[in-house]
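Just below sit the structures, each encoded as structure tokens.
Note that chain A is present in both complexes that follow, paired respectively with chain B and with chain C.
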Partner chain A sequence: MKVLMKGNEAICQGAINAGCKAFFGYPITPQSEIPEYMAKKMETVSGTFIQAESELAAIHMVYGAAATGIRAMTSSSSPGIALKQEGISYLAGADLPCVVVNVSRAGPGLGGILPSQADYFQATRGGGNGDYYLPVYAPSTANEAYELTVKAFDVADMYRTPVMILADGILGQMMEPVEINENEIESKIIEKNWAANGEMDKRPRNVVSSIDLVASGLEEKNLKRFEIYEKIKQNETMVDNGVKNGDTIAIVAYGTPSRIVLNAIDLLKEQGIKAALIRPITLWPYPYEVFANLPDSIDNILVCELSMGQMIEDVKLGVMGKYPVHFFGRCGGVIFTPEEIVEKVIEIESKKSKS
Partner chain B sequence: MSKKTYIITGHYGSGKTEFSLNLALKLSKQNEKITIADLDSVNPYFRTREKQDFLIQNNIHLVGSSLNNHTGQDIPALDFSFASNIKNDEYVIVDLGGEDVGARVISSFKDSLCGNDYNFLCVLNSFRAETNTSDKMINFIHKINTATLLKISGIVNNGHMLHYTTKDDILACQYEIEKVSKELNIPILYTQIRSDIYEQIKEKIISKHIITFETLKIRENWQ
Partner chain C sequence: MNVVYEKTRGLTDVPLSYCPGCTHGVIHKIVGEVLVELGILEKTIAIAPVGCSVLAYEYFNCDGIQASHGRAPAVATGVKRAMPDKIVFTYQGDGDLAAIGMSEIVHAAHRGENITVIFVNNAIYGMTGGQMAPTTLNNMKTTTTPKGRTTVVGMPLKVSEMLSQIPSVTYIERVSSHDVANVKKAKISIKKAFTYQMEGKGFSMIEILSSCNIGYNLSPVESLGFIKNAMIPYYPLGVYKDVPND
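And then the complex of A and B:
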């Protein structure tokens, strides 16, 4: 059944259909519809909704809920996610599965309420302490936000890791038709024999903690976690690669702005320029391999972000100097137009013909 | 005096703002003086005030926030001066925020703005989960009446799936809305419909007035 939903609502419905039973949040624009929706809906699925006293409280409530083995989620927007970093590091250190949603806005600091993608570093490099990564999903439509939220809960449980959904404010606020089919959801519920949910004198006590004061023990835990990270890289990397033989420029963009790029690509086609989109769906693990296998016809790479340029660093790591990597971005809440991207591509193409 | 005040309410995503803009445009083409008031204090994006330039081009006076119509504001600052500046010969279109929480604000303007003579229009879209049956629509109208202390006087059929709207979508929405109209004895005053779809199902539309449009105004035309 197709229904019209805001991206924020689609994320909630994905969480509920994946069996999320606990939500802890705090309002902040442009994600406030998430706690609003969960406040209404969690009761109907015998779940728990708590409006926490702060973002910090909310993420630590997620820690507590996740430690009991149930599926738990929190959401916020950029500066609120900054506040949650300590808790995210603790969750990673305790190998606790959960989903953290960032509907990002412009920064730094309080910034503004309009859309931005300047939290790429925060999401993929982490603001918390220690050696850890989170799988990060970047949906570009409300429908994909719904599907990836379901997936996020599965991946979190499968690898025992916090997972982030990074949506920009446009996606959070924008309404779109979403295909909701509850019967099609095959969320993989895994038995959690590590959960601290009452041993009832039938098994040894489970202790959930990120602390280990013995150096060799802590090192071993880190090494094991990085073995899991390798598995995540192998199994969970997702990218939408539209590059075909004959295309001369690959434009890399993620989230809603990738759709603006698609319009630019159509406009470029009318002018005889063959451009194609590479859209990373997971930002960690990053689809570096896609840049190793581009057709010979590609001369240039353009990265488009609603930021001063953050993902471009990963693109350069993937490209490894093989092609020139250009950048076009707007920030502060300004959204680029297809025409602006066309102009940038034409500038790149004209330099090519001179050289 | 004819009813020149139009207050527009509806659920998030019902299409209130598109309807407000299209209604204003239709009236402005008839050389009427129009003020459009954006009283949406709950939605951060996709508000009438984003279309300031478009409205100026079409001679439509915009009243938004008292803080210069900035689109990036996160504070419900409304321009209370507008109610006192309304002339009797002018049309006023008031675009309220979504749901009862967004509509409540109108009760504070009620005496100065409405008098006894106003159109209080409820925009309904059966593709929003909260108004997808006639029963839910009726509950929604009751909720709005309670929150605003006004009474919905007309229904707008705005059955839509944004760019993906089909003629069947509009007729499916009309089917639910007809039941609401009969049950509550409120007329279907407007149907908002893209012109090409209207041409296909003209004779099937039950509505006092029709508002047609070519493209969506609040939504960018991205893929």
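And then the complex of A and C:
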């Protein structure tokens, strides 16, 4: 069944179809449709919805609900996600599965309400304290937002980790057809024998905690978690790589801005320039390997972001100095046009012909 | 030989990490006893705070969750909403509940969450070495009020009085742990609070005046005297709100 919905609503529907039974939110533009949708829908699936007193309280309600083993979610936008970082670190430290949605907006500080990708560092480098990462999914369409949200709950449960959906204000607000197959959800419900859900009549005592005051004990827990991170890297890295032999420039972009890059690539084709898109779908784990196996025809790499350049650091880590890496970005809520990207590519290509 | 006394099944066998002379031990004991006597131990989830009782989940013999500083009422909200048929309580000190976690406790009370809060008020930050709490008494010397607390930092906060003004709150009582008679009274109040939760009656908080002999730089006995002679006059004991009995 195809349904016309906003990206924000598609995320909600994905969560509901994945069996999310608890949502804790707080209003902030441009994600307020998420708590609004959940306020209507959670009661129809015998779930719980609370509009919390703060972002901080909302993420800790998620911590409590997730500790009992049920599927729980919260959402916010950039400054609100900054507030949630305390709880996200605790969730990571206590190995609790949940989904956190960031429909990002321009910063720093209160910034603006228009779309931005300036939360990349915060999302992919562990925004809170301590050694941890979270799987981060970056959907580029409402349909993909729906699918990746379902997947996010499975990945969260499978590896016992919080998972982030990093969307942007464009995706959140844009309406698109979404293919909803309520009967085809293959959500993997895993038995959570670790949950602190007050069922001691059936099993020994369970404790959920991130504290360990013994240094060697805490180190051991961190090492174990990083073994799981290695498995996530092996099994869950996702990238959409459009580069073919003959292409001369690879343009790297994620989320909805990658669709603007696709328009630029069409325009470049008309001018005889063969460009192709590399679109990371997981931002952590990052698909570094894609840069190791590019065809010989590639001369340059261009990174396009709605920020001052954050993902470019991961691109450089993948490229390892093999290609020149260029950058084009707009920030503050300004969205780049295909023409601006075309201009940047022509500038790169013209320097190549001179050398 | 008859067994006349044994340790409650409500507590584990893990040795308590509290300082000698601290009243946390006796408060743990009466909470554990209540959980056993009400037959709810196996279906209870304890939420531990940050502070001296950070490891409380090690001592209560039920499922436990360790929360971040001040957020225990939000965590308890998530647990209780996910598992409405289970029993959920937070165990929080005055730094955790009355300073960093004031927003979370006020709003859990404001929503009328059907949980029980055990609020242990010893008028000081014990874990971090005896700093001023919102509940520190006037003229009381702490490591961050070396000349004694003055009104420059405000008057000591009366949490039970404050929370009892919130319309959705069901039951608030302040009790003390300074002698056997008061510990027994405290246990009756704690039992009532958990009973209200079992009956779905809503939010309850028991504030227990407690001592920190290390933080006060007094002997354990002198510290109990401090509760009786200095704390109780400022923090009067009694029922501040009891909707089912009104």
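Observations, loosely collected:
FYI, the second predicted complex is superposed on the first by the 354 of 355 C-alpha atoms of A that agree within 3 Å, B and C clash if a C-alpha of one lies under 4 Å from a C-alpha of the other, contacts with A are read in each partner's own complex, and residues count from 1 in each chain.
Following the convention adopted for this analysis, contacts are C-beta pairs under 8 Å (C-beta built on N, C-alpha and C of every residue); 3 or more make two chains touch, one makes a residue touch a chain.
Keep in mind that what you see is a predicted model, and the values were worked out from it rather than measured.
Residue contacts after overlaying the shared chain place A:Pro30 against chain B, while chain C stays out of touching range. When the shared chain is aligned, chain B comes close enough to touch A:Arg259, but chain C does not. When the two structures are aligned on the shared chain, A:Asp201 is found in touch with chain C, with no touch to chain B. In the superposition on chain A, contact is made by A:Gln173 with chain B only, not with chain C. Using the contact criterion defined above for the overlaid structures, shared-chain residue A:Pro139 touches neither chain B nor chain C, since it reaches no partner. When the two structures are aligned on the shared chain, A:Ser210 is found in touch with chain C, with no touch to chain B.
Looking at the shared chain after the overlay, A:Gly107 reaches neither chain B nor chain C. In the superposition on chain A, the chain among chain B and chain C reaching more residues of chain A is C. Looking at chain A, you'll find no residue that touches chain B in one structure and chain C in the other.
On the chain A side of its complex with chain B, the touching residues are 2-6, 29-30, 112-115, 169-170, 173-177, 256, 259-260, 262-263, 266, 333.
Residue ranges on chain B touching chain A, taken from their complex, read 12-13, 43-46, 71-74, 125, 127-129, 132, 160-162, 164, 219-223. Residues of chain A that touch chain C in their complex: 21-22, 24, 48, 50, 52-54, 56-58, 60-68, 70, 72, 86-87, 90, 94, 196-201, 205-211. Those residues of chain C that touch chain A in the complex are listed here as 12, 41-45, 47-48, 54-55, 57-58, 61-68, 71, 74-83, 86-88, 103-104, 106-107, 110-111.
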